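For reference, the structure is listed below as structure tokens.
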Amino acid sequence: MKKVWMVLLAVLGLAGLALAQTTVRVGVLLPISTVAGKAALNGVQLGVDQVNAGGKVKIELVVVDDGNAPATAVPALTKLMTVDRVDIVIGGLASGVTFALSGPVKQYQPLFLCIGAASSVVEQAFSDYNRFFHYHPWDYHNVAAALEFFKYLYDNGARRVAILYEDGPFGSAGIQTYRQQLERQGYTVQAEPFKSGSGSFTAILTRLKGFRPDILYWIGYDVDALPIAAQTRQVGLEPKLIYGAPPAWPTGFEKNNLSNDIAGMTAWLPSVANNESRRFVNLYRRKFGEVTDEYMAPMGYVIALSLGRALEAAGSTDKDRIAAELAKVQMDTPFGPLSFKPSDTGRTRFQGFNQSIWLQFQYLEGSRRPVFPPNRAARPLRFPGNY
Amino acid sequence: MLDGRLAYWRLGSPSPQTMELLLQTLINGILAAGIYALVASGLALAVGVVGIVNFAHGEFTMIGAFIAYLLFVGTGLDPFLSLGLAALVLFGVGAITYLGLIRPVLAAPELNQMLLTFGLSVALQNIALLLFGADTRVVSTSYQGATLSLGGLSFGVPPLLAFGLSVVILGALYGFLDRTRLGLAVRAVAQNRLAPGLLGIETQRVYLLAFGLSAALAGVAGVMLSVMLYASPTVGFAYTLKAFAIIVMAGLGNLRGVVPAAIILALAEALVSTYLPGGGGWVEAVFFLVIFVALTWRSWRAA
Amino acid sequence: MILVGLLLLVALVLPGLPLGEWRAFLLDTAQFAFLISALALAWDLLARTGQLSLAHGAFFGLGAYAAALAAPALGTLPALLVGGVVAGASSLFLGLATLRLHGMYFAIATLAFSEVMRTLVLKAPFTGGAIGLPVQPAFGGAFPLGGYYLAVGVLALAAGISLLLSRSRLHYAMAATRQGEAVARVLGVPVVRVKLLAFMISAFLAGLAGGVYAMKTLFLSPYDAFGLGRAVEALVIPIFGGLYTTTGPLLGGLIIVSLETWLRLRIGEGYLVVYGVILVLTILFLPRGLVSLFHRKGAGHA
């Protein structure tokens, strides 16, 4: 008799545990064939592993490639919502794609955790949607962070800045603002567009020799990093600082001597001195066998972890309960502390990170180290750089 | 001394700085024309001789760039030294492609051939993506930022090397085309595909050779691109597009005309880049506008 | 022709079919498939006169931008017409300029035109430039299936015009022009008029498709709208499906988009390799395209 009771109790106990563990399906919509998208996916998977290992909640991922274009992303989201029936979607890396997704998102009403999409155009599009959690800083945050750095350089004697910007949406978005604000800071500005990937900067750089810029600031992609670095030296343009702002840098660039003293802006480096970051790097290395430079990886990781916390606190799979708990999440991350507040413009109700996550780094002898803001610098900025 | 200078100014001559800028611009253009001519010549062989619109030409270039990059990463070999190997490997790739894929569709309509090479291009690019990922990869050589200064003008060392090598390689190519029997056979086939067969020239051998050479030239250009730009699955595309435009401007089948056409276009690009404010954004448009005007004007004049 | 009618009928009733949970996804994918098939049909129309254009990306893009800019002022349907007309007008200019160009020369000239157009749209102040242009949905979003039926409409129009032309006298004129302009002229074919007419109809249809596309993706950027990839796809599909027919581009477009989508869902990474291989194999074994599977018995239109 006792044995039967014990078995019954055990079964009930297990059933209770099973019920107590919240299982939720989460859709992941990322451009998997791009470097940033793959890194983001890895980060999300790493985070989900952590969450599931905790035992209290279980996240099941449904991963769909958004093809990095509206024509493929929109049907992909539709599939996630109607076929896979997820209530939560992690996605929105590229701004143009995320903008196109705004329509279907508002139609299907998922809890949308946005990993990228810096363009203000996207902020405008989602301003009337409440289940939108935007983790990544907006473009005006990026501009503000860069301007802070420019102010510091101005205080160190820089007066003339030449801006090379790629003539696509990434490069052209902030250029007017940069021009205005830099001139207000006291700089003389000359701005030139270029076609990213063309590799031909000799003409523009030759023309800039007459302008004698103190800072050569280029906004483009990883494919432009080496040509600009090489051709600046080839034409004999000698700025005091080469400062680049691509979303990523080419592989092997740090091993190239031309990278020395080139500065850039990023949200995160593997060498950042922060417990969460170190933990992330170790976990990532254990799972994927390498150390990644892409900041989208820890970003995906943070999203998964924050979602895990919200799930635990909510104790249910109801997306609104989860959203309510997510809004209250406060945690330490590789980027610093995370909490959700309305954005500076007020258009985003749940904005995660802002300009404070950006740090300026400088290449030197094969490694990248933070040099600004001063409270996060691992070594001093070399200004003027030796080019 | 001062009088002389004032006199110079009063005459309204361009200042030394302006002259220098002009010369530098022209030099930049000519150096850039080297790689354009290399890629375009390769394509001209495929299109003009074999008669194949090879959409996969850019992928041959890409393979060359990766060969250089992988050799560099694996053995530290300077990319320019791997030119010979890349050329050989790509010749082989071109020959296999010809025998396996191109020869069966030689008799088919032109459009079919286009679809074939397009499918090949998609497959090759995505195989590279699978194997290597979309990362942009750069090599590291000691001379990448080096420059030669001659009297106020600077010649970047990698473009200069690339230009010099292009001149040598194209010189050898044209020497081959002009002076050897096989070369003359290639030119004959380029000018009229049917007649050489009637005259007893083995067209199949010529086609194989031409296509292999075409791929080899693309591969060599790819190696140079890996030093000056980067290696990635998509590195070949932009140059291929321009190569198509260049060979059309030179005239299909006119292998000789490729180099002058490349120079004209590269110079146009350089001049626009330098002298037009915001020129960087207009360069592509100007390139294609020149092509468009040249093509249409020529067609109306020939009437 | 029966096949064409059948496919259009299926397209018409697709929203009503019991598709279960896949419905929304299929309808979305189908919409894009219809638009690219319409573009392919438009390309094929021009190809019948021997003009192998690479400018259809430009016509598509011009139509998209024109419709997007006109929609707030004129409403959806008139804006789409404006898009088509703008594309058609630009094609008149291009057609006239390239009258004496053939083969690859013609193709590159049209490509050059397309690139110049893209840069002009990029630099123009009123198009939103590089940042892009937000677009209102069709009919202001009032009809959930509005965009879908617009796409069906454009496809049906393209298919209808293609069928009409292939049954008219113009069909012979176009074929003659394609096979040899000098001979065609001798036979009394008004070659110039035929070429220009084909150009304008083709561009008009491409512009319509572009307009509907804009209202579906709700956002235009010059790199996406004028994409060279789309121009090449417009060329690849008719070859794959069967040139100078209506069934060919229509069926080919639907199959290619379905194939691509299915591969992407099934295989994930690397699916494009399979896609490329399939293209190569198809052309090696079916040189006349997919329609050759249906026409074993002998010559026939469709």
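For reference, chains read A, B and C in written order, and residue numbers begin at 1 within each chain.
Just so we're on the same page, contacts are C-beta pairs under 8 Å (C-beta built on N, C-alpha and C of every residue); 3 or more make two chains touch, one makes a residue touch a chain.
Chain labels with UniProt names: C = Inner-membrane translocator.
Because the structure is a prediction, the values reported are computed rather than measured.
Student: Using only Cα atoms to place each chain's centre, name the chain farthest from chain B.
Tutor: Farthest from chain B by mean C-alpha position: A.
Student: Using the stated contact rule, I'd like to know whether A-C or A-B comes out ahead in C-beta pair count.
Tutor: By the number of C-beta pairs in contact, the winner is A-B.
Student: Distance between chain B and chain C based on Cα centroids, please, to the nearest Å.
Tutor: 32
Student: CA centre of chain A versus CA centre of chain B: separation in Å?
Tutor: Computed from C-alpha means, the inter-chain centre distance equals 37 Å.
Student: Which parts of chain B, given as residue numbers and ranges, touch two or more other chains?
Tutor: Touching at least two other chains: 129, 281, 284.
Student: If I count partner chains per residue in chain A, which residues reach a count of at least 2?
Tutor: 33, 167
Student: Mind pulling the chain C residues that touch 2 or more other chains?
Tutor: 122, 269
Student: Applying the document's contact rule, which stretches of chain C touch chain A when the two form their complex?
Tutor: The contact residues of chain C facing chain A are 21-25, 28-29, 32, 122, 129-132, 134, 137, 216-219, 221, 223-224, 261, 264-265, 268-269.
Student: Which bits of chain B are touching chain C when the two form their complex?
Tutor: So the residues of chain B in touch with chain C come to 47, 53, 55, 101, 104-105, 108-112, 114-116, 118-127, 129-130, 241, 244-245, 248, 252, 281-282, 284-285, 288-289, 291-292, 295-296, 299-300, 302-303.
Student: Flag every residue of chain A that touches chain B in the complex, lowest number first.
Tutor: These residues of chain A touch chain B: 33-35, 38, 164, 167, 192-195, 197-200, 202-204, 206-207, 210, 221-223, 225-227, 229-236, 250-253, 255-258.
Student: Quick one: which bits of chain A touch chain C in the complex? Just the residue numbers, please.
Tutor: It is residues 32-33, 64-65, 67, 69-72, 74-75, 78-79, 81-83, 85, 96, 99-100, 102-103, 119, 121, 125, 167-169, 171-173 of chain A that touch chain C.
Student: Which stretch or stretches of chain B touch chain A in the complex?
Tutor: So the residues of chain B in touch with chain A come to 17, 21, 24-25, 28, 32, 73, 129, 133-140, 142, 144-147, 149, 154-159, 225, 228-230, 232, 238, 269-270, 273-274, 278-281, 283-284.
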